[in-house]
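Should a chain be cited, it is by its letter among A, B and C, assigned in written order, with residues numbered from 1 in that chain.
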Amino acid sequence: MIYTVSDLIKKYGPRTVLDIPYLEVEKEQIYALLGANGAGKTTLLNILGLLEAPTAGRIHYCSRPVNYAESALQSLRKEVVLVDQHPILFTTTVFKNLEFGLKIRKINKKERYRIIDESLDLVGMREFSSAPAQYLSGGETQRVAIARALALSPKVFLCDEPTSSVDVENQNIIITILRRINEAKKISVLFTTHDRSQAARLAHHTIVLNQGRLVPTLYENIFRGVLQTDPSGQPQCVIQDKMHLSIGEDQVIDKRKAVSVFIDPEKIAVRKPSEDPAVANELQGRVVQIIEENGKVRMVVDAGVWVALLISKKRYQKIVFMVGETIVLSIPPEAIHLM
Amino acid sequence: MNLLIDSFISAIRLVVSMDAELDAIVGVSLKVSCTSTVLAGLIGVPLGFTIAFSEFVGKRMTITVLNTLLALPTVVIGLFVYAFISRRGIFGPFDLLYTQRAIIIGQAILIIPVVAAFTIAAISRIDERYRKTAMTLGANRLQTAWIVFREARFGIVAAIVAAFGRVISEIGISMMLGGNIKGFTRTMTTAMALEYDKGSFILAVALGIVLLGLSFGMNLLFHFFQGRVHSQ
Amino acid sequence: MSRIGKVAVGVLLVFCLGTFDAWARYKIIKMSTTTSTQASGLLDVLLPELEKDTGITVKVIAKGTGAAIRDGMDGNVDVMLVHAREREMKFIKQGYGTNRYAVMHNDFIIVGPPADPAGIKGNSDVIAAFKKFASNRARFVSRGDDSGTHTKEQSIWKKTGLTVKTNTTMIEKKGKKREITFIHPHGLGNWYLSIGQGMGKTLTFADEKLAYTLVDRGTYIKYKFGREVPVDLEIMCQGDPFLANPYGVIPINPQKHPHVQYELAKEFAEWLVSERGQTIIANYRLLGKQLFYPDAQK
């Protein structure tokens, strides 16, 4: 494990922006950190990048506990490097930007030149070596910033939204670079994105954050719901007046009426419609999307609200659905998480 | 109008012919002001940098105090320093009063807050990401500070130029601590005040022309560096 | 309108009326004089009496002698009260003034640190004293501001027969070239400190630097007896007839500057030399000491 995070809390003033009970990050893998804006992705990245201290909790880096005292962090930072979403280059030449970190590491001049050339080659920016950095375009800046980080041969490479503010051509270049450094140099890569398909293409693992908390996989299945009691006295969650879902008594945490509801897509069962009337927590919907994802099949079903679900390929092949077909979803109480 | 035209023509003649008296006065002014500016820079820049770069209780208060000191009238500093270096003051035995050193001390006190406050402003204008970037690239505190300093360099030079502009044109300290001794502590501003008192305007106007020229040059420099700050 | 507002308007109205009243009386003249004259306090006694007798109000503009004369030349004032006889004569000769009325005189003295490093104490010969300053390189502070005192000092240096340096500056004056001279002995910036400041400042400067200086008696009395922290300087040389300091009053010539209030200026000058004016001058005491001696011929 390159990182083991436990009981991590990060607060800005009274606001809790991160609350992660447990998280492991494996060595030499690519991780995508997914989540909406404000989900806490950047904050988590800064903490893993050893640039911000958590409010509470423990973080182990390479099995050693991290001491967030400034003096102790400096040596660790030499193995972990972070590239911002909008990276900033020092107002000097591209070459000197790359040289800065190498000089700090007391690498001799000949070696520095070799590494800088090699790193710029990797991102295809060698001919810009002596150009003043402040005049580069957004995509070029992003690539130089990546080269500047990679020149330092880090163990961990953290990248905040590497492709969000560059054009398609640069996006592909950057994705290729990330994959290559992971394969060739065995560098652990952790990047944030809000592009699910990009995450699926590039990453071995996906971490999803919603409002500072880890959610099992996808973040679409989150709804605003209202708690009430059905005629038999059983607690019930109503989502947008369209879905009535029975829940267990023990799931009601407090007296709040309005709640956020997450429905775990892996726990939703699905079957073809029959003449049997729908029982509790069964609802009909129309299939609107089917895609393959990480060896599973991901479907989106319009059941009044759009619900996403993941089923195994095996199950899918057993009862083939077509887009536009009506099916029945079965949502057991344990798939429903009130937040 | 005759008065103005006559004075102006004579003044131009003085400036062009590099009149010895004029040169001596301008020389004293430049020597004293340059020295005090360098001194204030050596103290004010690190001071401003330290304040901007560290977190401590009362930081905002310190900055407020510094900003208040920007408006400190020269005569207040003159009076204050006078009390210390007068023959009856605690530094009396050093015979500092009415010397160039006395002016330099007073002027440095005047502009240390200017340099420090402008340095703080220049540093705080620098994007927080420079600091973060330097840190993630493995820089220690000093190396991080160097990066921020480098990015703020034009702002800091502008601070020093502004400080020089302040001392070259001040009169209170030069008069009170220098005493306007001919050929020794007579600066452009004290000489102008004197010439006005004497009722002869030629030298005063000539000095005014030189001073305006210098101030104009300083402002050009200042705006050049300010421009560099904003174009980044 | 609030009560405060009404009061404010009322005050403003009274103020304006007061001003109109003053203009209506139209008996205001402007007088340029030297800072030392104003500093002596004589005018504070003299001018209220004048107003009582003649109804004339005098606005006093005090500068160095050079600037005071300049104000006269430029017609910025109606009358001039200064103490630099040669320059006053020249002023009249050039037609700027109508007539010089000899009003009074006081005298200059040489003061110095009690230790008296040049050894001049008790000698009334001012020329000898100046020679000693030069030979002993004893610190001497010169006003160097083209004032009456400075003019007097330069004339003493000339009389010593020592080699003096003359700085000459050519200036343009009404299309003609003119020279301004500045005389000083050798040792400028070394033992001879030319500071270009007023009398009071020069005195405290000399006190600070333990130096000698030439001062009018009035200023010295004030700084010696009229302050909480008196100067240490003591009188070293006095009584030389050459040190007398005559004051003259000159109305500005209306032919040069038609807008000046010549009649009132003349009335003021004549009042000064009248028996009434002269008595007030003779009776004036500064900290118990007589400062001015009336000069008008009876």
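One rule holds for everything that comes next: a contact is a pair of C-beta atoms (placed from the backbone, for glycine too) under 8 Å apart; a residue touches a chain by one contact, two chains touch by 3 or more.
Computed from a predicted structure; not experimentally measured.
Each step here moves to a touching chain, and the least such steps from subunit A to subunit B number 1.
If each chain is reduced to the average of its C-alpha atoms, the one that sits nearest the average of all protein C-alpha atoms is B.
Centroid analysis (C-alpha atoms only) places A farthest from subunit B. Chain centres here are Cα averages; for subunit A and subunit B they lie 54 Å apart. One inter-chain figure worth recording: subunit A and subunit C are separated by 88 Å, centre to centre, where each centre is the mean of the chain's CA atoms. Inter-chain centre distance (subunit B to subunit C, centres taken as mean C-alpha positions): 36 Å. The residues of subunit A lying in touch with subunit B in their complex are 49, 51, 70, 74, 77-78, 80-82, 84, 86-88, 90-92, 100-101, 104-105, 134, 148-149, 152. By the touch criterion given at the top, residues 2-3, 6-7, 9-10, 13-14, 19, 21, 86-88, 97-98, 175, 179-184, 186, 190-191, 194, 196-200, 202-203 of subunit B touch subunit C in their complex. The touching residues of subunit C, counted against subunit B in their complex, run 63-64, 66-71, 74, 144-147, 167, 169-175, 180, 188-189, 193-198, 205, 207-210, 229.
Those residues of subunit B that touch subunit A in the complex are listed here as 127, 129-130, 132-141, 143, 147, 150-151, 232.
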